[in-house]
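In the two complexes below, chain A is the common chain; its partner is chain B in one and chain C in the other.
Presenting the complex of A and B:
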């Protein structure tokens, strides 16, 4: 069956992840849905523990055995989660690939970088050593590393170069979807800007759809076209990046924006007070209510449903089409 | 004018390279980590030392707190050169100068309760037993962990990243230091809690505490620092009043750092103002300006001599031979 032109490349439908933690269930991800076409770039932002990494690990089928995943991940219309690990395996790295958090520190120190990038090519694409080496040279060139460096060891690379090499490895088998989990978090600001540029270029040049996870909204805004904001396991707002940044409709999005220091602007940075809720007890009402400056009575009783408005969605009782509640 | 609280005078730190052990003679290769750094800090002042990984800023911090020997130069604290003191004479200064580490996940012993973490320094510095409980509680409440009873008997893994960093700061201020050296105090924290930890540090200055913040985040540094010193390749390349350095950066490297801060406006693409290049080899420093290899405005003469710091008026100085663009 041929997929029609408008059919999405990847569709995540009502994804949920519960962890069995012995004394009960931890609801890490609840009802997350999004759609990606080729070349689409989606950012997922939120604080530590909001479930953003769990979403992408679930999409890769890489969660530990105590995780219970519900919902669907449709790749070209086929649910790759349905058949367990054996149905996931042909897609992992080849169709959906990932740059892990701290990937630059994940290289094996006693093997050359080129050898490690070649490994998925030889295993998944069954390439000969010569073909794999050729492909490694292409990949390194694409991420801006001289191909002669393939024979070097990880400690001979700077942090930024190792992160580029990790990206080359993730792209080795020509994936259609690339998941990048905090790819720039531990990097210096200049190197970070270079990696963000590289992610944009790679997605444009190769037509790869990108999911970019970060707690850093400005970094996400530099790369993606849409942004989903997660809080306590749920997407509370998703919108085109310009709209989300200029007219946030969820108070949590507004609070994240207010926490960004900006050079030149007066020091009006505000932290978000309080802590995110515990996820091992069911959330009553809106999970953000205890920290929300616009909280109303209903927020503590009923969990807000998703409100769709054109190309945006928000889950807040107090949101108006115009923007934030007063 | 009274003497400054801390004065670094021509501070130089060289690390011997591998192979140069206890039998090494003069002439063995060394890594030039810190090269002729001079910096002053007044009581109650906050100074930010800004630069990329490997620029030597953490080595400066470690030398000030006595974790690293200075190869030459002086660390003058309240008129006494600490580099000349032996362990016994240094002890009161070890209490007066406290260090807060970058990673609150690593810095706290996972098997110690918050109470014993904050108490440890008091015990070591022989604070009378009867006073310690009150000091521990007061310190925790001073950093915003109140009531202290809510955290006293908890272990680090039960705390969020922001809370852990507050515990680390409480352990430091419990000893009533005059100088706090904070090495990247917020870089491991979520953006949403960074501002509140920086606000806390700002607030501590009301107790007369001076703070040296080591950071790679210029935008965050300007929020609270009175003065900013920018380091590159072991040297201070620009130093001055914080707002002035931000508004009219005089060194191309400072401008590069500013240009790399991701803009939260997706319409403004962040393109770092550097030419792709690597840091020079720290074992063989170049004869000229170390930034010349990445500098977008470098000229031939930049490679001839290391440019000295030039006075630009109102306490602002920069080490660049080129005229400051307006």
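Presenting the complex of A and C:
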């Protein structure tokens, strides 16, 4: 991937999101950058409130009016954030589409599933009803739902089927980039595994670049090749999955890994003490410093810069190429 | 979140056509109310057939008790009471229906626009609505009837103008809540225009509520027409129930013991208002199952005898 000469499909450069919350600013996302080529799969993990979903919503131009977005989202070299809402509209769903958190809520309960999957086709491709219906059948087939169920209502679908249908809807206009925001939350493990497999297959078959957002590191590791770990609005470490899992270089990544329960393992699950910093005041030094087991004096004073090491990036004063800081 | 077994269809499945149907048939109370209203409508439409006595012919010089020729007797002016009653039904039902539709149109539009666009639009529209909500409605209707003249059209418009505000508030709240749902966000994320979102997703979700509210408003409008006429501000050229009660009072029917003049119009108003009210409340119950659960309902027994009771807690 490092050697790829082709221009990237999607490039997010220094994305920042500040919310105006009346009594000041809330810095929800600070300087997030990543690059995707076709078929690339990137996972973004982090705990609640670290800015994962905000990144996705910013890329879709779906943030509320009190949000101020800085940085660039380049799609084939064109900044889609630059022109505001009207220039964003044609890109939505056709170039970048998304699977929403909680598939139950992504469907209007009083309209049929097929009808709703057909919506983007009819909005963007101006297709006739018959063509749209045909496409819906194809899409449902792709995600493993019998086409006959298109005429059914969302409540007649199980959780897993609804999630598949939501995926079919996201793929309706043949997007180049798919953003999946917690697509497996609230599903049982078996169904979750099916959905993960489906996501991987779809991205392979259709050449779609995937951004997978989750707080579930093992789930992300099953689908993506690279993982970015976010903490307090910033990407603290980004690396290929295998490297991140075996040799984490940021103490937060290491702590996340230690907090994953493993059946049969003797070691107890270790939680991370303390809580994330408040984002409504500027963060001084490293945001993780107060909870970091290997904190040093410099961590409390200056914010660590991104250090590049081959195909990985880490933002930690104490990180060494070998792995965890001492 | 309950997943149904494949192929199985739950009872009361909220399909789109089902919702409309369920609104009417889903509740016995609604059915009873609507049937009663329908009966009154049939009587009003068949008025010339049911009561053959002309309404403007004096059959005597004063009150006369019911006879075979005049089943409900004659009033103080010597007019046939039954004839006036069924012709009055035309007026009352027409005024109730049109006034409620006027109110629904204004209130619905204001509510949809304010709820969907929010922000400053919402602020301005809601301040205007507040103004209409706090105006004492009876004095306003009296003044409006006096200023614009005593015609039936004016009465309908005035009643509609007085009652739209509570509808606007109700619809606005519902639209705002639907707007926040993920599926609306999802459609917006697809790049749909506000028109698409509003017509395809918001309106279908809010319409049943608007219908139920309008049926309730019919009751209020009929009641309002009655007391406007009773106060002598109605259209003098048409017979209505309110005017019959006023005439009865003027002619001293109570003192003369002519119960057949006072009771029929009074009972008719009561029954129509009751029918529309229970139909509207039944629809509300169908739409909001919480109302059926005793401790969650605002009032267990909810009959609203007075105008203006549409305001929700």
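In this text, the second predicted complex is superposed on the first by the 320 of 326 C-alpha atoms of A that agree within 3 Å, B and C clash if a C-alpha of one lies under 4 Å from a C-alpha of the other, contacts with A are read in each partner's own complex, and residues count from 1 in each chain.
Note that a contact is a pair of C-beta atoms (placed from the backbone, for glycine too) under 8 Å apart; a residue touches a chain by one contact, two chains touch by 3 or more.
In this text, all values refer to a predicted model and were calculated from it rather than measured experimentally.
Contacts of A:221 after superposition on the shared chain: chain B is touched, whereas chain C is not.
After overlaying the two complexes on the shared chain, residue contacts for A:275 are found with chain B alone; chain C is out of touch. In the overlay built on the shared chain, the residue A:60 is in contact with chain C alone; chain B does not reach it. Using the contact criterion defined above for the overlaid structures, shared-chain residue A:109 touches chain C, although it does not reach chain B. Look at A:22: by the touch rule set out above, it reaches neither chain B nor chain C.
Of the two partner chains, chain B and chain C are each touched by A:159.
By the touch criterion defined above, A:124 lies against chain C but remains apart from chain B after alignment on the C-alpha atoms of chain A.
Overlaid on A, the two complexes show chain B and chain C touching the same residues of chain A, namely 158-159.
On the chain C side of its complex with chain A, the touching residues are 1-4, 9-10, 13-16, 19, 181-183, 185-192, 196, 200-201, 204-205. Across the complex, chain B meets chain A through its residues 52-53, 160-161, 163, 190-196, 198-199, 216-220, 222-224, 246-247, 256-267, 269-272, 274, 276, 278-279. Across the interface of their complex, chain C is touched by residues 60, 62, 88-94, 97-98, 100-102, 104-111, 116, 119-120, 123-124, 153, 155-159, 169 of chain A.
Taken in their complex, chain A has these residues touching chain B: 47-48, 144, 158-159, 188-194, 196-197, 215-219, 221-222, 241-242, 245, 255-257, 259-264, 267, 269-273, 275.
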